[in-house]
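Each structure below appears as structure tokens.
In the two complexes that follow, chain A is the common piece, with chain B as its partner first and chain C second.
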Partner chain A sequence: MNTVVADITYRAMLGRKRILLLVLLPLALIGVAGLLRLIGGPSEGTAVTLMKSFAVGTILPLLGLVAGTGVIAPEIEDGTIMHLLSKPISRPVIAFTKFVVAASLLALFAAVPTFLAAFLMIQTESGIAYGFALGALLAGIAYAAVFLLLGVLTRHAVTIGVIYALVWEGLVGGYVPGARKFSIQQWAQSIADQVSSSVFFKADVPIGFAVPAIVIVTVAALLIAGQRLRSLSLTGDE
Partner chain B sequence: MTVTTVPAVATRPGVVELAGVSRWYGNVVAVNDVTMTIGPGVTGLLGPNGAGKSTLLHIMAGFLAPSNGTATLGGQQIWRNHDIYRQIGLVPEREGVYGFLTGWQFVLSAARLHRLPDPAEAATRALDLVEMTPAKDRRVETYSKGMRQRVKVAAALVHDPQVLLLDEPFNGMDPRQRLHLMDLVRQMGAAGRTILFSSHILEEVERVAEQIEVMVAGRHAASGDYREIRRRMTDRPHLFRVRSSDDRRLASALIADASSGAVSLTENGLEVQAIDFRRFTRLLPKVARDAGVRLWQVSPTDEDLESVFSYLIQPRA
Partner chain C sequence: MSEQTAIIHDIGYRHYDGPRLGRGSAARALAVHSLRGVFGLGRTTRAKIIPFLLVAIMLLPAVVSIAVMALVKQQGIGYTAYAVAMQAVLAIFLASQAPYLVAPDLRFRVLPLYLSRPVTVLDYVGAKLVAMTAALFLLLAVPLTLLYAGELLVDLPEPVHTREYIASMVAALIAAALLASVGLALASFTPRRGLGVASVIGFYLFTSGVSGVFFAALLASGHEAAAKWTLLINPFFLVDAVQVALFGTEPSNGEGYPSGPWPALILLAVIALALTGLIARYRKAASS
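Let's look at the complex of A and B:
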């Protein structure tokens, strides 16, 4: 962890237009939750559906993409990363620091709003709010690492990230049960299921698979990102 | 190709050595079997655009792996060795500056990333050196290109590196800033630092560098003292594009003078082949004045520059 790298990365993420996406997406979630509560009153079933399909199914992967790729990909693209890489700091430390920034942003802009949205609908009933907040927090960590790696590996990180989040997790995961095992948002649901006592939903992926999967994916993505950053080739305009 | 390897100095601190370095992208060879030793003092890396200067500089800066051969600094491998940056200051050509930071924050961050004992003092000194102290509290995105360039130089100098690599450092600077940076580079070279800068402009290199390495089409075309290279480069006709208030009258006046060879009238003005470069640049204003013609533009053509460099390797080919 390097505080200067973290400081610059936070400024880049929070001081620019990117913060709009980081703020608008969770606001939309809380707004929808408020609206549903107003129209239909407190309903645990509706709350679970909102959490599953919108909070963890849409907002979390999108924010993961914005934060995970945003902490590194634009800097590689415009060459500003040279300022950090041309210093006597180990590249894996730079990658890890950027990951910590992305994960902390996801905790703030994804996990906290997830809790607030669920709380707005049904308070802490059946532990739904706690469960999905914890799920979003841990899955956010995995998303941060995976999308950071994507940002280091390819200049098309955002496109590939969208395809992963929407097509693989959203579409394929919806129809092919086996694919769900390899979906970060399903792991988030497993954690939520473990914490909550709601009868309205049952996660498809067992917790015994989800938690180790999150740990392995996060650690592996970070290790590869650090190594790839060590061999990052940057050229001039020639 | 000139080979200037001096193996004995390879392990001396501050000596950059390339041994048989090639770099290719797919089928395209950007740098082809280059061997050179860059020691203390100012060295100019000269060559037309696309000659592989930038690729070579990126290899020396540890941002590109050589496809073949080795690049070392003081005997240490450069690629995948972050500790090497204690000795290297790098000024990349790309803008590459965080626009949302102030000049002060940018240079201070460099000092802190180097874990200097007194980052604020080092940043103050570096900004002072490039005369950016008055503008240090403005955001970098509000700077002119020349100011960005200077703040990048300040960030590269903040840890007082033994080796300074600059990629086209004078681009975008106004004449006064250019002279100031040239002075700075000369002083640092005289103080025993190893300084390498790339440029496609011979006059720039000539004014600053003691040693010149010439790259043409990915090859190390020539190496040595600038006077020798200069002489060989000026011994050939130069092609200039001239625009004036009366191209026809200027053309006839120029033809009458022995310093210019072929003169042709084109849609974009005159194309003049100067046989004696120095004599031509001295005489052109005089000839124009005597003929009562106003000069709008005098520029060497790009193709000409390229051909100058190619000419340089011809006698050896």
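Let's look at the complex of A and C:
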């Protein structure tokens, strides 16, 4: 962890247009929750649907993409990462610092709004708000690590991340139950299910698989990203 | 005083005195170049992977459907439902390719170089828009036409669905125009390609998510008419609603849409709004 690198990364993330997406998406989530509350009143079933398909299924992967790739991909694209890599800071430390920045942004812009949206709909009934907030927090950490790794590996990180989130987690996960085991948002749901006691909600992946999976994926992605940064080559883009 | 040693050699520079093709040809050349670029033609091999992968995924249901028609003599996927069924693929294609069309020129500030030619801002924007629209139309029209050719060849017991085919082709053009104008407008607001991809896909995921959640909630609380309106937030259902209004085809969501001219008016308003934003963005970029 290097505070100067963290400081620069925070400024790059919060000072540009990226902040617009980071703020607008969670605001929209809270707005949708408020509108649903006005239309249907407090309903546990609707709250679970909103959390499952919208908060964890749409907003969280999107924010994960913006934050996870955003901390490193633009610098690699510009070539300005050279200035950072030529300093006497170990490359794994740089990767870890960028990951901490992305994960903290996700905690602020994804996990907190998830809690607020659920709280707005049904307060803390059945522990849904706590469960999904915790799920979003841990899954956000995993997303940050995975998308950071993607940003180091390829110039098309955002596109590949979108294909993963939309096609694998969304389409394939919808039809093939086995694919759900390897989907970060399903792990978030397992954690949410563990905490909440709602009858409207049953996760597909056992908690005994989800938690170790999040830990392994996060650590492995960070280690690989650190290794890749040690031998990063800046070839010209098309 | 030193002796004068400098000499100017005549190394034979010539003026260009061939025909000058002018504004129309320049805009056309830009459009063709952009259209090729969307599919990665004339770019590196790595740039071709994603567009061609998505084209292959788009063709897959048509091929499977023809096989089903040939083997069990039954219609597979319908023409009019094709765009709605494949909406995620279309959205990913738009998100991954729209920023390529607009971001590099803005990022490297080369717009003045284009505008020093007879091309105007409107020509430039128009060429990019035509290229993206044509690419999206091809992405839909090729599988649909393949499906139609397959249906003609297989010779099913039921009559050929020519009407549905024509309706789906017109709807494909409308969908392409809508997606291209919204996608380019969103992508043009950032010179960063990654952020452009994220904002376009964010737009799709957000609109489809909102429409899905509200549709389910309103249907559950018994507001059926209002629920149908919320479907129109998703751009693909909006186009499907226009298709239903124009051709009286079967709605692809199984629920139906609000009737009357409203879906078409909303569609036109969205396109107009996106184009206004796009042109304003480029007028600003050209003057800076």
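The rule is short, and it goes like this: the second predicted complex is superposed on the first by the 234 of 238 C-alpha atoms of A that agree within 3 Å, B and C clash if a C-alpha of one lies under 4 Å from a C-alpha of the other, contacts with A are read in each partner's own complex, and residues count from 1 in each chain.
Simple rule for what comes next: a residue touches a chain if its C-beta (ideal position, glycine included) is under 8 Å from a C-beta of that chain, and two chains touch if they have at least 3 such contacts.
None of the values given here were measured: they were computed from a predicted structure.
On the superposed chain A, the two partners chain B and chain C do not both fit; they clash. By the touch criterion defined above, A:Lys17 reaches chain C but does not reach chain B. Of the two partner chains placed by superposition, only chain C is touched by A:Ile39; chain B is not. By the touch criterion defined above, A:Thr80 lies against chain B but remains apart from chain C after alignment on the C-alpha atoms of chain A. In the superposition on chain A, contact is made by A:Val4 with chain B only, not with chain C. When the two structures are aligned on the shared chain, A:Arg91 is found in touch with chain B, with no touch to chain C.
Partner contacting the larger number of chain A residues, of chain B and chain C: C. The residues of chain A shared by its contacts with chain B and with chain C are 238. Interface residues of chain B facing chain A in the complex, by the touch rule stated above, are 30, 49-50, 52-55, 57-58, 61-65, 80, 82-86, 88, 90, 92-98, 100-101, 106, 109-110, 112-115, 155, 167. Chain A makes touch with chain B in their complex at residues 2, 4-5, 7-8, 11-12, 15-16, 78-80, 82-91, 230-238. Taken together, the chain C residues at the contact with chain A in this complex read 43-44, 46-47, 50, 88, 91-92, 95-96, 189-190, 192-195, 197-199, 201-202, 205-206, 209-210, 212-214, 216-218, 220-221, 223.
Listing the residues of chain A that touch chain C in their complex gives 17-18, 21, 25, 28, 32, 35-36, 39-40, 43, 45-46, 49-50, 53-54, 57-59, 62, 65-66, 69-70, 73-74, 77, 155-159, 162-163, 166-167, 170-171, 238.
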